[in-house]
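You will see chain A twice below: alongside chain B first, and alongside chain C after that.
Now for the complex of A and B:
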């Protein structure tokens, strides 16, 4: 006898859990089905080395909507986001650029590299803030369908038009340029120092299969700036206990509303009858019934893997096939016997608490991308390295450390073939060597190292090609085009009862929980139930 | 005797260390002592207490030593709570009232031995203590400058003190006290604080100050220790729901305008009043208030949105029913919290009110009428605050 639920959420990632929490809060009987033996998807903390917790996929937190944290009472479920500050880009000449949190200290550090850049920074900051002000109000809203005549869509479109209209002609032109230009070109309009540009450009390429001179990367920078930690826009923090704390808190909230999480339950097929979802079939042959099915998987996996092509309109299948979700990032997670030292920086420097980068010019970053295009990992990689245990006392024994190393670029396939374990080892060595050349004692401190290629991330987490955002964040795949035109309102119009709630939908990835919450609002609306999903906070 | 040629502003026993750590050089005058508002950055200091360990110099807190055969009886006349229940080696949170039953101050009482107590508070109260002491065999000495104190607060604070060699500290219960040998002397540790988190206060002779600070920060290196200033402490105490004299209420003997002082009931502190005791200052007035009802209510408000409701008026429908005394966006609880004094008719749990909040963006002021709800207690109360043995993080 198959179990019957009101709603089945496929995938216990943070968006699946957020979505499920709101549906359960509204009184629905909800089950979340997870393929792995643990929940969290790409927001997990895993003990892969005794007494060390690895935040081994996503690793920092800023975009997670404070409205959702508060509304679902996630702090009472153990979630705490702690800001860390700092950040350094090391240079080949032995110097570095440090990202001080104190405004005046930051100015002085910029001036050490270029006095003009130091003064230009306020113009840069204001211009980026103008763009974040435009985008932030849309995060907790469903994108309007520009072809629709429904009053709600028209109302939302008018709101959008007002926001853009309010910028004036020059502002509108700037915005259009910003959304389409490269991060390299954008930064050239403000700065002359190579290292300053390289430091800032990182946010434009993280998780993206594009180079610093590829159009569209300026927006990706915005995606990393539009979050906040307690109202400090652009700040990033650590989830105490690793990113698994986010998923665990969401699961705790979901369960407190009576929801069920079922691990080791891989969905093989979403069952559609007469144009309606009726449930899912698991790989073990079990069937679970429910008239609402919500997929937390990426659009490719949702429509091409666990749905039948024959159940879907042809345009949807071809749009899913054409969806851009290229893998471009790898990850190393390392247990350290102590805190490594870095050339030129005292251990106590607050700069050390933040991310460290080891690439000091845009041309070097572009060459790192060239390697990816040639089907191999970057030989001089862009690394976003963080030692969360400098701030978080819960992840390793006192005095020991966990290092999270995000690596850009690594291709989903090596020269068109699968990764071998030799490839993985060589990739790991490239990254460790890159860090070692700026940290003399780093190699000696390594106790254990997990190396994850995009292929590993795909296999373990289920992100197609290992793309961390569930689809690239370029303008052709944003707002009412995310994941595809005509499908941006979380429902699958041709199949009644079928919804999407993953980062492949608006407003995209980065552990925001907004897609899951927005999707829940749409589902509850379709059920004629009151929306429990909170409105976004106003900045102004 | 106080020398007459001293400088205008005093230094605490930890001043040299605070000065070295105070990178942003922001100081304030606290009861005549210069103390840091901020050492490096408010947020980092706040999060030290919520995530690792923060250290706050509370030496300027007013301290009185109360001893003598009638000390217990005297204290029981002074305060509203029943001190007879306080065992030696325990600490109690107390308040005291004037004859009208209005709160003069709150503080902590440490029972050091059978007939020996320490009172630690915000205001200077010797005059009132002496009035109350008439007829009792009791000696009251002000010892503010004779006792140096550091609050060591946060989830790793127990681990830090353990690393200093204070073995068994993890077994100390909330509001308990213990003594440890340190550098040829003895110091007292109490499991108390003003942050709502796991934490301790360490009391010592002033000449131990610098060497204790150094040993503490040395031991805390691996546990994220950081000095914190008064700005971070203010965020912490609001999140934890602690009232501050002079901010959330006017100490009764300082109130000039009539109706500005408040009773314990009006501050949400009725649980500190023990009518079992036959005599204490303000008892008669408080009995009357209990029978007739209070005029005002102190409430915690959960305020909609993310704009702190500092200094806001509070409305019910169109009627002004109160004002907000403290407000903050709480970074750990992720809630916009406010303390308010409202007309008692609007002070019950679940009551919906409206806060009139003004905020400025680039020289333009905006007003929001934010809905708020009266909630039944502080928004931050982690399990580790009460756990014994205390956790390591």
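Now for the complex of A and C:
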């Protein structure tokens, strides 16, 4: 006997849970179906080694929209985001560049590398912050359709034009340049020191299959700057207990509104009858009925895997096929017997708390990308390494540590073939070797190491090609182009009751929860219900 | 020597095709104009040089494909000695196996091309042409200002908006995506044939510091094919009889007939400025020419950094000038040949085509990689023309000249070009010999122009033939940089009209025409607020 719900959300990632929470809050009977035995999607904390919690996919928290945290009262569900500072880029000559939180120390550190760069930094920071302020209000809004003549779309477009017009000609010009240029060119305009440029450029490439010299990467930088922790824009924090805490808090909120989460329930097929969704069929043969189906899966999985081509318009199918979703990053999660030391950096330095990078020039970063283009992992990879247990001791036994290593670039396939376990080992070794050449005792401290290729991420988390943003963050796939032009408003016009809410929709990936909330707002609007979902951004 | 005492309304710096087109328009409107050309012959990048005894070649631009028809008619170029030696030249992309692909407009032949690809190419072309058509409206006038204040411009923008709207929803959506995406992905979506994908990719990256995987490269393709909308001799590429220098000569003749003075070997030292207002130019030999209006068809860096000088500019303008990206990445190769070249597997009748060496997209991307690090390509891409097949005047009887645009050759070569030039030249000949085995036996003389040579010979900063990279952050209202995008500059009376301004490089002549229009409309209008007033 099939169960009947008002709405079925496919996938218990953070966006699916956010979406479900808002729908349940509005009084709908909602079920969230999760393929794995645990919830969270890419925001999980898992014990893969006894007594260690691995935050083994996404690892830091900043983009999660504060209005959602407040609105769904996530702190009361156990979410606690702890800010952290610091960060180092180690150099081949034995020196390093440290990212001090304190303004004066930061200036002195920059001046140590280049006096000019120290002076340019405040200009750089102000310019990036200006761009951040422009984009933030659009995160919690549904993008307008520029091809439409509906009053709502025209109103939104005019609003957008006003916001941009308000910047003045200089501001608008700078914004247009910023959105279309490469992070490398952008940084070259401010800085001369290689290590400073390399330190800042990382945010322009993380998660994308583009190099530091590819046009459009300056915008990706923004994507890593527009978050905040407790109102401090651009800072980053760690969710206490790992990123799983975010998912658990969202699930807690959802359940408090009467929602149901059903794990180990893989959806095989979304059932469409007469152009309307009527429910889903699970791989175990069960059917669950509901007139609204929301997919938290990426656009490719949604339209090419769990929906039938015959139910969809032809252009949508071809757009889904052509959607760019490239795996470009891998991950190592390591259990450590103690805290590793790093060459030239005192153990008690506050810089140690932040991310560590081991690549000190833009050409080295670009070469890492060249390896990816030719179908293999980077031999000299860009690594974003963090030891969260320094800030949040709950993730490992006392005195022990957990290390999260994000690695760029790793292709979804090696020369067009699948990853083998030898490839995975060799990939892990490349990364460990790079770190240990700056940390003499690192290798001896390793108790357990989980190596995840993009293919592993795809198999476990369900992100196509292991792309962490569910689709490249390039302008042909952003705003009203996300996921595809004409389908950016979370619904599938040809199939009544069918919605998307994953990171493949506006405003994109990162643990932001905005796509889930925006999709909920659209669904409630279609149901003629009062919208409870916050809109825009009041704080800016 | 020109009598410099006679008063001029306008001084045009640079006798390239844009400078001359601008001068012609101004003279027609009754202005007294003088053109100052630093070199000994007019034409700028439209030049023909004899690089070996009795062998001549178009030494910079080699194909004509974007010259606006109105330039030809307005300047009566045909009466002044301008003539094409061949038009609608097909493109043949050479295959390593000898099974080449030829593109005749939207028709394909050879290389075992499938019916599916043929159909797909037709519809791809059709859509691209639609987009080009819309874009061409924006090319023929000054670019819109970022925040529109003039009623005429608002109307023009609305017109453009209507044009885009009339494309219909589906095409409009494609345009929103294709304008920003890279050519590599689009090729993978549309076609199977490697040569076809590579041929289209070459057109997208030619003359720029980008590879097929770089975002925004579809725009590069549209840009190149604008000529198919308004170019003389369209569709496709043409050759000018006597080489491109003949175009320069005929333009010079035409402006002289309109009463314009041209002074050759006149090297400008600086533009004289009195409190943000132009008063004339000072030549290197110390002479001063007074004029209320100075038009510089030099590139923006040379104009602002050399002629105007930082002391006369605001800090922000100086910074913006510095940040204009214009480092050339293309070299020019000229070879004098003892006979007709024979390419492996290529019918003799096809030797006169535009020949491309770039067998697949990965090859192009790999050619691009080293240039990012200041090294030249190990397997470069080439755009080859053998103009003497169509124009016997360029070489002695039975002999031929081969001219090729070669990518990628970075301006800032690691170790310098002095050391790098010979190895690169040898590598290029080796690369050619894979397709044309007898090349070494037939070669009489070789000339390689690196971006550094192009800079010195044609006086373009960085040796960049577009006077600045054609990428989305440097086109339309952002060309050459915001605030100077409507041909006017922060210095009253100083105008820019070179390829560094909208709509950019390629032998189009539109930048020159648009500048003239702008100058002529100035008197009638109230002075518009300055760029920086709006902040």
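What we mean here is this: the second predicted complex is superposed on the first by the 536 of 540 C-alpha atoms of A that agree within 3 Å, B and C clash if a C-alpha of one lies under 4 Å from a C-alpha of the other, contacts with A are read in each partner's own complex, and residues count from 1 in each chain.
In this text, contacts are C-beta pairs under 8 Å (C-beta built on N, C-alpha and C of every residue); 3 or more make two chains touch, one makes a residue touch a chain.
A quick note: this is a predicted structure, and the numbers were derived from the prediction, not measured.
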Touched partner set for A:324, first chain B, second chain C, both or neither: second
Chain B versus chain C as contact partner of A:485, first or second or both or neither: second
First, second, both or neither for A:275, with chain B first and chain C second: neither
Contacts of A:258 with chain B and chain C, given as first, second, both or neither: neither
Touched partner set for A:176, first chain B, second chain C, both or neither: second
Contacts of A:165 with chain B and chain C, given as first, second, both or neither: second
Winner by number of chain A residues touched, once chain B and chain C are compared: C
Chain B versus chain C as contact partner of A:214, first or second or both or neither: second
Chain B and chain C footprints on chain A, overlapping residues: none
In the complex with chain A, residue positions of chain C that touch it: 145-147, 165, 169-170, 172-174, 176-181, 185, 189, 210, 213-216, 319, 323, 325, 362, 365-366, 369, 372-373, 471-473, 477-478, 482-483, 531-532, 534-535
Touching residues (chain side chain A, partner chain C) in the complex: 146-147, 165, 168-174, 176-177, 180-181, 185, 189, 210, 213-216, 315, 321-322, 324, 363, 366-367, 370, 373-374, 474-477, 480-481, 484-486
In the complex with chain A, residue positions of chain B that touch it: 24, 40-41, 43-44, 47, 50-52, 155-156, 159, 163, 222-224, 305-306, 329, 331-335, 361, 366, 380, 392-393
Contact set on chain A toward chain B in their complex: 66, 69-70, 74-75, 80, 82-83, 85, 101-102, 229-232, 240, 350, 390-394, 398-399, 537-538, 540
